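Here come two complexes built around chain A, the first alongside chain B, the second alongside chain C.
Here is the complex of A and B:
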């Protein structure tokens, strides 16, 4: 599905020039007319402009089994601060910490959608691949759930034969290729200055992920919840964008 | 973009900020996410290199009723959980509740396990309890489960 965002190079190149300049966004307009209205309409001044905090509760996370981690032996050292404890050798996430991280991630995703950014969902778990692709399509965004050919980000212009617009945000619903290796797109996004949101399980490394969300990344019901939440956040961002464009045209 | 691809140095924000400060990219060409990140930075800066967290320990999660739970499990009771059925309580929880109730009623210690097992078993006999309440009654799985007679599944 990523081909959809890359196959129209000429159109995208123009889109790139237009969207990359943020001069038309409300943040700069506040400088020109210094009134309280312009200040209050800048979404970045508001701690939670898109009201993403009311999308879910900690109980929803618990019921979707977000708190289940892997076994103690496979723990990644950097995931220690997010772990509540170990129940009979199985790690349990602290859902209060997870909720804070997830809200920060949802807020970021909504802001990127508001600014007209391209969002790409990633997932390498075959069990959840179809669900993720469907949700991405429903959001009007993109998904990559198959084998990652090296260089899609780092060598894009050569691989696709034209100037290519890369996504503005990558959302990883799991950050591993398999139990052993990290998804190459995590590293490549960091290389190409693309921010990332990632669901990191207790055996994954959160280091290169910009907004890591500690939680279970295997259970379909948990993935379903994340997909639902990101879809809602993106929809709110896009809705606000449409409203803003209508008011200012 | 004229950026370094050494992702292990700094974070995406610090690298972009460096380019902006030194004039390698114009303020108008800054990435779309830059202002959002600046307004809502993540709790921990996403650097590759981080200090080791050696003094953090993983604490075991234990409950007082684990002592009772262990007694039941040793007898092979309350070991299985039906994760399809999210309504109601698990069998272990029912066993523990009955155990505590009987204990407060003054039933002697050695009879507690057997008596509470029997009490829970007899309560389970009623068909309303074994019935699985589907979350989505329209789904194929729910329809098949509704028709299936699980008790007599091996009878002709």
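Here is the complex of A and C:
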């Protein structure tokens, strides 16, 4: 799906004031009623406002083969803290660490969805491309699983010919473009100050990713699980947002 | 680089875990016997008492939260040992003319060519027997810092276990 340009400003939305440095146009100039509305139930005060820890267990991760890594020879130095050990030369992720990171990532995704942020899914593994696009469509969010042209984030206004709103969150289900190189969007999101969630395998680099989730990114079953979890978290965020907007109108 | 997983400590931990469970279950049995004896007013006969005990036995296993270590220790991957030349079952999930993409529960799938014997039975959904040659086709080439992976396992196709295609003669493959 090619990124769509949003030219019209958001109407009548209760937008919380946040230093969103992503937008290339100051379209978010709505009146913020943050001070009048309940600061007593500020979702940011809760460690897990959307109860994302209920979405999965370590056993679910285990059965979806999330703990399988590549061979020792392709290990990235920065992934060593997340590895439990190696079995006959094949690396195994520590699912307790993975579970913590995944909970943080899901919580963040839910909060972004609660605030009406645009989420973009990335995946460059042809085996799972269709699944990711379908999940993004079902979420009501965006996906980019094709060839990435250089300046989509960094030169957006010029490339799309109009003022562009960039995503507020990038979820990488596969941070590698091919075996040899990382996806350009990881670096570009960091440049444009877009937070990223990324599933990092043992041959990937977690350095530029805001919320890395160490785990398997090659098996379709694992990707299905991640998609399901992100979809559920985003749905919870959006549902809470709808409820909030209805209460105020 | 990495040494192997600390198998000894894991085995010890799982044995301790098992022993603790046995101890707990035997303690609970003892308790149910005691409560049965105290209930003299109902005057339960021999069969009723044993039925009570048996039903308690089945009820006493709540969903034990398994740790990742115990899950890993009891997984099929550990049962495999050295994966080379082990026989596993796989399921065909994709077919491209003569190439069969087979998933056998590992991180990667393997791709095998359709055999000439009983070739038409190898369709999507068929269960096959495989012999693992290599779990991941990756190699360090001269001049590179990391391995190059093919993102595939390498297996030898032995034969068919079950095929959705109806076959008139069903014979076991050796």
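Brief remarks on what is shown
One rule holds in what follows: the second predicted complex is superposed on the first by the 212 of 249 C-alpha atoms of A that agree within 3 Å, B and C clash if a C-alpha of one lies under 4 Å from a C-alpha of the other, contacts with A are read in each partner's own complex, and residues count from 1 in each chain.
Operating definition for what follows: a residue touches a chain if its C-beta (ideal position, glycine included) is under 8 Å from a C-beta of that chain, and two chains touch if they have at least 3 such contacts.
The shown structure was predicted, so the numbers you read here are calculated from the model rather than taken from an experiment.
Chain B and chain C, once both complexes are superposed via chain A, clash. In the superposed pair of complexes, A:168 makes contact with chain B only, with no contact to chain C. When the two complexes are overlaid on their common chain A, residue A:159 makes contact with neither chain B nor chain C. In the superposed model, A:68 lies in contact with chain C only, and not with chain B. With both structures placed on the common chain, the touch criterion links A:107 to chain B but leaves chain C unconnected. Comparing chain B with chain C, the partner in contact with more residues of chain A is B.
Judged by the touch definition given at the top, the superposed model places A:190 against chain B, while chain C stays out of reach. Of the two partner chains placed around the shared chain by superposition, neither chain B nor chain C is touched by A:177. Legend: residue contacts after superposition of the two complexes on their common chain; A:81 is shown touching chain B, with no touch to chain C. Residue contacts after overlaying the shared chain place A:41 against neither chain B nor chain C.
Contacts of A:96 after superposition: chain C is touched, whereas chain B is not reached. Comparing the listed stretches 19-27, 73-81 or 127-135 of chain B against chain C after superposition, the clashing one is 73-81. Within chain A, the residues touching chain B in one complex and chain C in the other are 72, 75, 83-87, 91-92.
Across the interface of their complex, chain C is touched by residues 58-59, 62, 65, 67-76, 83-88, 90-92, 94-96, 179-180, 203, 216, 218-219 of chain A. On the chain B side of its complex with chain A, the touching residues are 1, 3, 5, 7, 11-12, 15-16, 28-33, 35-37, 39-40, 42-44, 46-48, 50, 52-53, 56, 58-61, 86.
Contacts from chain C toward chain A in the complex involve residues 1-6, 66-68, 71-72, 75, 77-78, 81-83, 105-108, 135-136, 138-140, 146-149, 151. Looking at the complex, you find that chain A touches chain B at residues 19-23, 27, 44, 63, 72, 75, 77-78, 80-81, 83-87, 91-92, 100-101, 104, 107-108, 111-112, 115-117, 154, 168-169, 187, 190-195, 206-212.
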